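The structure's right below; bear with me while I get my questions together.
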Amino acid sequence: MSGQRAGGTGPVTSSELLSVVAARELACRRTVFAGIGLPTLAAELARLTVAPGIEVVYESGVCGAHPSQLPETIADAVLITGAEAVVSMPTLFGSVLQGGHIDVGFLGAAQIDRWGNLNTSVIGEWERPSVRLPGSGGAVEVMANAREVFVVMRRHTPRSFADVLDFCTTPGPDRALADGIRPLGVGVTRVITELGVLARDGVGDELRLVAVHPGVTVEQVRAATGWKLKATDRVTTTDPPAPAELRLLRDDVDPNRVYLR
Amino acid sequence: MRTMRRTVDRTAGKVMSMREAVAAFVHDGDTVSLEGFTHLIPTAAGHEIIRQGRRDLTVVRMTADIVVDQMLAAGCVARLVSSFVGNSSAGSLGELRRRVERADPEPLVFEEYSHYGMVCRYLAGAQRLPFYPLRSYAGSDLPAVNPGIRKVTSPYPAADGSTEQIYVVPPVQPDVTIIHAQRADHRGNTQIWGLTGVQAEAVYAAEKAVVVVEELVADAVIRADPNRTLVPAHAVDAVVVCPRGAHPSFAQGYYDRDNAFYRAWSAISKDPERLRGWLEEWVYGTVDHAEYAAKLGEEFWAGLAVGEALSEPVNYGRRL
Amino acid sequence: MSGQRAGGTGPVTSSELLSVVAARELACRRTVFAGIGLPTLAAELARLTVAPGIEVVYESGVCGAHPSQLPETIADAVLITGAEAVVSMPTLFGSVLQGGHIDVGFLGAAQIDRWGNLNTSVIGEWERPSVRLPGSGGAVEVMANAREVFVVMRRHTPRSFADVLDFCTTPGPDRALADGIRPLGVGVTRVITELGVLARDGVGDELRLVAVHPGVTVEQVRAATGWKLKATDRVTTTDPPAPAELRLLRDDVDPNRVYLR
Amino acid sequence: MRTMRRTVDRTAGKVMSMREAVAAFVHDGDTVSLEGFTHLIPTAAGHEIIRQGRRDLTVVRMTADIVVDQMLAAGCVARLVSSFVGNSSAGSLGELRRRVERADPEPLVFEEYSHYGMVCRYLAGAQRLPFYPLRSYAGSDLPAVNPGIRKVTSPYPAADGSTEQIYVVPPVQPDVTIIHAQRADHRGNTQIWGLTGVQAEAVYAAEKAVVVVEELVADAVIRADPNRTLVPAHAVDAVVVCPRGAHPSFAQGYYDRDNAFYRAWSAISKDPERLRGWLEEWVYGTVDHAEYAAKLGEEFWAGLAVGEALSEPVNYGRRL
């Protein structure tokens, strides 16, 4: 069943590293709103390690899924069969998410700025974009209502870590407050990339580099960031995935390497 | 993927006795929602609140009926938020009328809404909205006696280009909501069928939620039909197993409504002495609902027994 | 099974007369929002006579009930078993009723005025009433959203047909318009009482006497009404229940005389 | 009470073919909602709209995915209202991107919302509200490009006494909503399980509603489980029987998702010629969905077959 990288040894892929780092950040969290892919892997690994009681709520309305196989989409039939509850969209977005029941929301984006605002709508002008992206989906709601948001960005480039967003689809709380509205959560608190981890505490804070992955320098991260990236006084180096973490991830969470590309 | 199936007890300790749940989640001065629209009324929870002598409660309930009259008579309630204060179609609530009509033995603060006004207050509470709009109350005297009912101007013009106004109600966010249901698992995933009323919204609106069930069932029972779960575990703080806890209302598929008791209540509650005697015998005089149910006797329960009318299974599918 | 009044002969009770008159008024209606009692009888009789496709929606959330026995309450378990649908309160009041799916709503009241405004809250002052009544229930919503409303009042007295309501719980469209809000329906169009039938077409109209029951005079109705009751030019006399109507009502709709007191 | 059980066909003529339903309920220039959140996407209805050559439609759909890209390519759509315009997580919608990025072959008017913004538009439409409030959009650039997204001031002070503002969206009231479901009876009582999305609200928001089902079932099947009915008959105007009509999406308990086709679509739709060829072969080249499904072949369908995972029956009870 398991792929060629089974067990706790062998070279660590970028996906594995991101999953392990994200899982560690979920320590003691109760409810996670996550899409399929790295967030699912991170949540499942967290359940087996630092957050045994964690519940993943999917944008499709599934709560307490117990899939027989790793789901391929947030609406995969295997997520529904055997789940604890399936709720409608009005209940999911209204009562569960806007109602304040989500501790951590996972989001991705084409662009992020230093305050954790996100663009998933367009590259270029909205009216006639050079690239039309999918848009918000539920991201606007996740940012506005989850207590905090983790962003996973595989690619860390000056274009994706933008000084100025081409368009702000999904605003963090700083922009919300400037618009006169007090949000529930603190917005993005962690950005996990192929190069390291950025963090901020909440409203008024800029994202700062707090950790670089093994073999990556602070200067490399700064060069890959579109704004003048600040760093904490003591940037740490990410602890490489422990053999136990890798074993769980490879053998138990995603033995068929659906997402562990 | 075998690890995804591991059972992790992520909600240890939710299952508790009614005594423990009321002691832990209902405090003097709290706002307590008891919901269940004629079906699955959480009577046993109301009785335990009486036994524990809670005071100064604000009770929120669409249809304030027998259990509310009993809580009023026991002196638990200072304030009532409701849209129907009658004994179903069977008559009056004697204690409620004395409190409202004559402040006897003490005044009752009453916030009067209509049914949908109450529903919208729960919706606003569940959805963390500052208000919820509804097409009721235009021209009613209710806004004059209830300052909670206000108006908002729509930012969109009406079809004829005119400015449109609509009434709104404020959210209700109870300290605790208590509902009765047919069954739940130990995590609190709660399944209800038959009339489902406003229970899910009342739970989501509340700070804490207690679910009282006819049966605690294995996880596999719940998970065989996830669409039947109206209240997911993440919204539930306590699960109390209390068979027959909705009497004199009914639990679809478990026992029928005790219509005779509804009819009797108008007379019982009309006489304060008789009402006091009823409470002494049936609430203060029983240590818990199991004793109350046993006191009614198996012959009585046989009269409310229901036969079988099973739903047909649907296929959720399994990947081959 | 049937009571002593079985069949289409024998003296007609007030309940039977009211049920038959109300049923006739339901000709060609599609959806009725009704409570238990006379409205249920009227709707069921209408289904067997003038409105074969009629669907009764109950305040408890039951749509398309097929009860094995005559229900004793709007939430009777026999209404649920075998029904076509059961919906939640938010759906019932929000989508079905406020959404405009109800043709005729049945209401009762302690007091009604000449415009069809209703009082079900108090006799006396609201703050310290001489009689505290149950209140609105869903009546405010039925009046605001059903296309038209039928009121059944067993007792026709100057106190219940009031010149001025002690309290207006449930306003008709005239009061709504005066409050600056345009209602969906036309409010009360029929009031069926022990003495006769009052009617109005809609906004701006007063209730007028259109029919008296057999043996009742126009003057009797006027004397029993708290305002100066107008009458149409030609007040008719209600056609007595036909033998076929009585037979259906007594033998088929309510053979145990649960409501045909 | 035997008469209450008499079956009266109060909705004669609701059952019709897809061709009849689209001809009767979808007109040039209409606003058409097609809902189904990844599950039960009404693809076959979209294809019939293409076959009948409808023009100038406003399509309303939360996740504008393959079927929308196909309708765009066929020239049916002048305006799109949506909150996600991507090929699931499998890539891009080629035609949609050409229309938006280069007005190729013609411009597309696009109203962009977020998912909950769309949900709230349906809720407002279903509930006949002038607007629906939601805690989204504060600080977003979306209101600047979408004048439909506005603000309202709450008439209630916030917890800290300040004045509170909240964004609102306007109702959407489609001329017709089309959904796909597992089963319905001939009156239109529709049962859905698995992901239920926003289908019920989209139906209630619309002037007319067409329900496409995998199976038409006897009244008794529906009536054995009334809580499973998400769309009651009074909200439905047409019932179309169309097995496998949700392909390439899935129908819980009936067939699985065709993930390979989702992955293939990004490449097909990237090349206008190839996309045209696909439409010629699979939509214009088939007379109806039965032919489309047959053309895929039984071996193909065997690959999407699902096994059994039956729900357990619940007891609705029967008066003894």
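Here the chain labels run A, B, C and D in written order, and each chain numbers its own residues starting at 1.
In the analysis below, a residue touches a chain if its C-beta (ideal position, glycine included) is under 8 Å from a C-beta of that chain, and two chains touch if they have at least 3 such contacts.
What you see is a predicted model, and the numbers here were worked out from it, not measured in a lab.
Counting only chains that touch, the fewest steps needed to get from chain A to chain C is 2. When every chain is reduced to the mean of its CA atoms, the largest separation from chain A belongs to C. For the pairs C-D and A-D, the larger set of C-beta contacts lies at A-D.
Spacing of chain A relative to chain B, judged by their CA centroids, is 38 angstrom. Per-chain Cα centroids separate chain B from chain D by 35 Å.
Between chain A and chain D, the centres computed from C-alpha atoms are 29 Å apart. Across the assembly, chain D contributes residues 123, 128-129, 134-135, 158, 164, 166, 194, 196, 200-201, 224, 227, 252, 256, 306, 309, 316-319 that each touch 2 or more other chains. Taken residue by residue, chain C touches two or more other chains at 62, 77, 80-82, 86, 94, 98, 145, 184, whereas all remaining positions touch fewer.
Here the touching chains pair up as A-B, A-D, B-C, B-D, C-D. The touching residues of chain D, counted against chain A in their complex, run 37-39, 62-63, 82-86, 88-89, 96-97, 100-101, 103, 112-117, 119, 123, 134-142, 145, 158, 164-167, 194-198, 200-201, 250, 252, 256-257, 259, 306, 309.
Those residues of chain B whose C-beta lies close enough to touch chain A in the complex are 1-6, 8-11, 123, 126-129, 185, 187, 189, 200-201, 204, 219, 222-224, 226-227, 229, 232-235, 316-319. Residues 30-31, 44, 47-48, 52-55, 57, 62-64, 66-70, 77-78, 80-87, 91, 94-96, 98-101, 145, 184, 248, 252-255 of chain C are the ones touching chain D in the complex.
Touching chain B in their complex are the following residues of chain D: 128-135, 150-156, 158, 164, 166, 168, 170, 182, 191, 193-194, 196, 221, 224-225, 227-228, 252-254, 256, 305-320.
Interface residues of chain C, counted against chain B in their complex, comprise 35-37, 59-62, 72-77, 80-82, 86, 88-90, 93-94, 97-98, 117, 121, 126-141, 144-145, 167-172, 174-184.
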